[in-house]
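Both complexes below contain chain A, partnered by chain B and then by chain C.
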Partner chain A sequence: MEYTIARHDKHCEVRIQGSFTFSDNAKFRELLNSTVNDTLHSLTINLSKLEFIDSAALGMLLLLNDAASQKNIRITLAAATGQIKKMLVLSKFEELFNIED
Partner chain B sequence: MSPFPQRKTVPIQENEESLPSETKADAAGAEEMLAYWLLLTSIQAQALEVVKTRLPKTAALVEDSTMDLSTRFQELARGAQAQGEQVQQIVDMASSLELNGERVSMLEFTQLFNKTLNDSIARILYVSKMAMTMVYSLDDAIKSLGDIELFVGQIQKINKQTNLLALNATIEAARAGESGRGFDVVANEVKTVSRDISSLAENMRSKVHLVTSSIQKGYDTLRDVATADMTHNIISKEKLEGLMNSLMNQNARFTNTLQIAADTSRVLSSTIGNMVVGMQFQDRTTQHIQNCVGVIEEILQHWQKLQAISHKHAPAVASKSGIEKELIQPLGERFKLGEFKHEFLHNLQNAGIIVSVAEYGGNTTPSGTEKSNTEDDIELF
Partner chain C sequence: MAYRLPLTSFIQSTPNLAPPPREVVYFTAGCITEIGKLFQHPTCTTFCELSDGLHISSVDYASDFVLCMSTETAYESNLSEIITRYAAQQVPLSDTAAINLRTALHEAITNAIIWGNLGIRTIVDSLESMETFYQHINARLGSEIYKSLPVTIKLRFQKHGFNVSVSDVGKGFQKNPGNAKPKSLFSPAGRGLQLIEACTHSMHHSDQGRTLNMQISYT
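On to the complex of A and B.
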């Protein structure tokens, strides 16, 4: 997994690409720590370049959601396609996140 | 009573010869016509006699057959109704399933199935999330253990210096001679303490190593818990939902077809019921036939009167014959059933119109025997 972070004042957009699996846990924690803070209001994770996601990665997204909720940050998962979109639907992520096409 | 007791020609007029030739010719024509009429009515009467006796038998036959048909149709109607009920039972069964001794509708079953699937997915995600929390906690623990190793290293470094200081103190104590003896004892004590600290630090280092490698194993276990199989389970939910939908659709089609079959059975049962009711009107046939028989009886009475009058007033004409064959043959052919023809010919023979039934291809055995009945039955088909 590779990611880029773009900050716009109180909003932050993260683009993730490649495969997002268990082995990315350290990298994802680093991402979490560098984005979620008291000044942030909303976080968009763009998944258009993501090719594969496993259940551990879904677990990590849930942890990110927990951390963000504590700081009242809204998370949007955007532009998921194929297997990623299917996984988000099956996991009913629309009940926890904003989902954008 | 025989209307033809004798076969001799009796002159109508005593003084025939005295009449003019034209009048004589007219009288002969009228006589011939009257003879023809009388013979025709006699033969007709015998034919009507057959019809009169046969019609009530026909009515009885129709009644028996109708009753029989009606009974069979009633059985058929009952069968169709039972079939309809059975199919309806299947329809009811098809739209529900038995689960732990309770009837569950297909809709409830699907809802239960989907809920179970959603619950498993939710559980998988919960496990993944918890596993990742553990992973991060273990990361923190490993980091702390790394710090502890550093601290142990620092302790060992300090301990080395302490040991060096003790050695220096021993050297300085020897140089000081007798007055340095006390320092030498202290320096040796410090050396002992330093050795103890060194071995303790070594123990700590190996224990920390042990904990780190245990945590590493736990970390690998968590990786297994959090990944591959769970992903497949989530994807398989989609397949199961597809299967379930296909099952529901198939069941809907099945139920629909069965419902049509049940409806058809009901329609069939009702149609047959109506047919049975329709058959009960067969008594009208009997009434019609009785009516016909009454009319025929009336005609026959008039014929008997006519015969009596003819014999009284014109016995010669009434006994005139010669064209019987011409009249009887085609009428006899009209009785297609042997039994009927037989009875007709015997009636004619009894009435004295013909001498022998054999002359007209009739059977000499009496009519209405079992044998001829059997023949008739065969002729019917």
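On to the complex of A and C.
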């Protein structure tokens, strides 16, 4: 998994690409520490370049959501397609996150 | 660079189902038997040891196959993508079927590694427990015993779909797959079997929970 972070004042957009799986835990912690802070209001995770996600990575997104919620940061999952979109639907993530096409 | 050895070399070097050497791929022609009988299977024609990555397509073979490797190699390899790409070369596979095969395989292999062979029991429900979870995994992967335990994947091409099985040598999964759901929608763990269930036509455990058998449609 690779990612880039773009900051726009109190909003942050993260673009993830490649595969996001259980072995990406260290990068996930790095991503979380780089984005979730007291100055942020909203975080968009752009999934358009992500090709594969597994259950462990879905769990990491939930942990990210928990951490963000504690700081009143709103998370949006954007532009998911293919396998990613299917996994978000199967996991009923629309009940947990803002989902944008 | 891949190279081949005759199957007899493997039998002689690994009697009594000892854990296989690292990075081993072998294939059977025709009927796939139980792993315990595989080494004596008369139609098992190819034994291939790959020392530089796993490239199934480099082996000129188009049939059912068995792929067996150490837990360490399985952990480090992108097996589900490799196998799905190989399968798509053998049969017409819809995008949905490719997604289902790769997802189900990935989750099953991960379960075989983590919960099966490495025997991890830590439940991830927070960032702190996630750290502990991965510390346990790394500790077990540092053990010669744990990292050498075999993971076996069988893929059989049927008329309308695949029969896939993933086996480990751990203590065995006891939970009923029909109840395979996370504790709650917000639970970060326990989602793997639920995804497998959604991506397969059917699934069931055998060998006292050490083997997960899945049927996946081509369409």
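What we mean here is this: the second predicted complex is superposed on the first by the 101 of 101 C-alpha atoms of A that agree within 3 Å, B and C clash if a C-alpha of one lies under 4 Å from a C-alpha of the other, contacts with A are read in each partner's own complex, and residues count from 1 in each chain.
As a working rule, a contact is a pair of C-beta atoms (placed from the backbone, for glycine too) under 8 Å apart; a residue touches a chain by one contact, two chains touch by 3 or more.
Nothing here was measured: the structure is a model prediction, and the numbers come from that model.
Asks: Report clash or fit for the pair chain B and chain C bound to chain A in the combined superposed model.
Replies: clash
Asks: Go through the superposed model and pick first if A:Ser19 touches only chain B, second if only chain C, both, or neither.
Replies: It touches chain C, and chain B stays clear.
Asks: Counting only touches as set out at the top, which of chain B and chain C does A:Ala67 meet: first, second, both, neither?
Replies: second
Asks: Could you say whether A:Ala78 touches chain B, chain C, both of them, or neither, answering first, second, both or neither?
Replies: neither
Asks: Which partner does A:Lys92 reach: the first (chain B), the second (chain C), both, or neither?
Replies: Both chain B and chain C are touched by A:Lys92.
Asks: Which chain makes contact with more of the residues of chain A, chain B or else chain C?
Replies: C
Asks: Going by the contact rule set out at the top, does A:Val36 touch chain B (first), chain C (second), both, or neither?
Replies: Once the two structures are laid over each other on A, A:Val36 reaches no partner at all.
Asks: Could you list which residues of chain A make contact with chain B in one structure and with chain C in the other?
Replies: 21-23, 25-26, 29, 54-56, 58-60, 62-63, 86-87, 90-92
Asks: Given the complex with chain A, which residues does chain C contribute to the contact?
Replies: Those in contact with chain A are residues 75, 78, 81, 95, 99, 102-103, 106-107, 110, 114, 124, 126-127, 130, 134, 185-189, 191-192, 194-195, 198.
Asks: Under the definition above, what is the set of chain A residues touching chain B in their complex?
Replies: Chain A residues touching chain B: 21-23, 25-26, 29, 54-56, 58-60, 62-63, 86-87, 90-92.
Asks: Contact residues on chain A for chain C in the complex?
Replies: Going through chain A, the ones touching chain C are 19, 21-23, 25-26, 29, 32, 52, 54-56, 58-60, 62-63, 66-67, 82-83, 86-87, 90-92, 95-96.
Asks: Looking at the complex, which residues from chain B come into contact with chain A?
Replies: 118, 121-122, 124-125, 127-133, 135-136, 139, 223, 226-228, 230-231, 233-235, 237-238
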